[in-house]
């Protein structure tokens, strides 16, 4: 774990809140909301660990389940205030994205994978939870539609391996990469920076 | 296998029927219906085995594919009668839920996992198939919306470890836990017991 | 690898194009389109490798990511021409289906699995990418609704084991099986051959 478990807890909490909030108003009950929050927080790391063929991280530490419980409780108790706390939650969420990306890269490096696979695994760790959340809520994943999200993970991964190529110390490499993830996402949201969208293309009805 | 394979067959049959019925009337062809029935029946155990890093159970026994074939045949031949058989199918389905949950717990215990992970794995075994079914049919999973379903698995898991802590014999522990899953689900449906739903929460447009 | 990597590249390219085209006009940005194209191309083989408990094939070869990049570029540059190229792309896609199915069968045989599991794994390898694509795009998978697609993989798998039972040489077995996949799919599309659809069945509201 390259960062303190406090940041890990806050990232999980913020990811879970983002799942629970999107579940609200969709006739989903408390337990369903808990599961959606949980899957948002741990879905990416779970696929990463399956792909790496290691024991899923959450089997070794119940704190991910506990943080999601706190997220549900906070959402139920303070739903009036959540909008006001939007920026704080966005901060946690973005820090969580940076952290999860670096954890994904580090675990993949330890498994002996080449650098480009590590960047993919960092991106999966940071992004997939939100994709599963949107699929469960029956929406086209936000990730594909707007904001710089997965691309921020890719940028952070590139910086990680740039720093590693320069033989910078591990702490600096990890901090710089996380900072790039966090800053890319933050700047993209602040300044409404989007990638261009794919224009409509005529479809060939014979394909499936 | 803690129960007879007849119960296993009936549970698979009932899970597959629930998938095939929900697929009906959605312009899905026979083979598509077969696949949806199959995934409903084996989806949960497949993720469990991936997470446990053991060979997926259905690779060792073609009966799950055969039971799904019988389910498709029964649905096609007796579609008029299916509604009348609703209670029998619900009974199979609920017994299957209890059985699958216990199988999930037992396999996870054998893998040396702590008790709370075993409860999670039992719940995944019993519930995930229905979630995949609903995602494939492009609906918000029923599991999140109504009825006590996954929560019945959690309750059964708690009873399992309660009995185990009292050092009751394996047979009694497993039977009691399965009975609690089946009874919780049965009572919830009979008496329309639901968890409260998550109220609408104002969304912060900056999050994705 | 039973076929040349050129065919592998073309199959990946065609699968990726089918993902990117279906993503067009849905307010999906370039990076989202890239990911959907990638998942369409590698999703089936990834689940196969997870089920077989081997390292996912794309971790060993960046060409799958590169072919998807070319597919995105081609889609953006030549979107006017794509419809006219429909038959060529359909040819690649169908050849890719045949190839991916055989790769799935061969890898599963090497893992020591019984023949019917190998047919299932070949079908997963060829078909699952398109299912994930449709789930991400929030549609009921085309696979379940029309055309002979997964069934062509099953037919090819049956021919594979028929040839193997006759002790035909490996090259002939693989070519015959791939040809059957390709021909079944091609003929089904040319002559609008469909399986019957599942009729509507009255639903029992108590089930979830």
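Chains here go by letter, A, B and C, matching the order in which they are written, and residues are numbered from 1 within each.
One rule holds in what follows: a contact is a pair of C-beta atoms (placed from the backbone, for glycine too) under 8 Å apart; a residue touches a chain by one contact, two chains touch by 3 or more.
The structure displayed is predicted, hence computed values, not measured ones.
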Q: Name the graph shape formed by the protein chains and their touching pairs; answer line, ring, star, complete or other.
A: complete
(Q) For chain B versus chain C, which are copies of one sequence, does the interface use mostly the same residue numbers on each side, meaning over half shared, or is it different? (A) different
Q: Please compute the C-alpha centroid of chain B, do the same for chain C, then give the distance between them in whole Å.
A: 28
Q.
Show the residues in chain B shared as contacts by 2 or more other chains, in ascending order.
A. 50, 53, 135, 138, 143, 146
Q) Which part of chain B faces chain C closely enough to touch in the complex? A) 18, 20-33, 35-36, 46, 50, 53, 55-56, 59, 62, 65, 75-76, 79, 82-83, 86, 89-90, 93, 130, 135-138, 142-143, 146-147, 149, 189
Q. Tell me, which parts of chain C touch chain B in their complex?
A. 50-51, 53, 113-114, 116-117, 120, 131, 135, 138-141, 143-146, 150-151, 194-204, 206-208
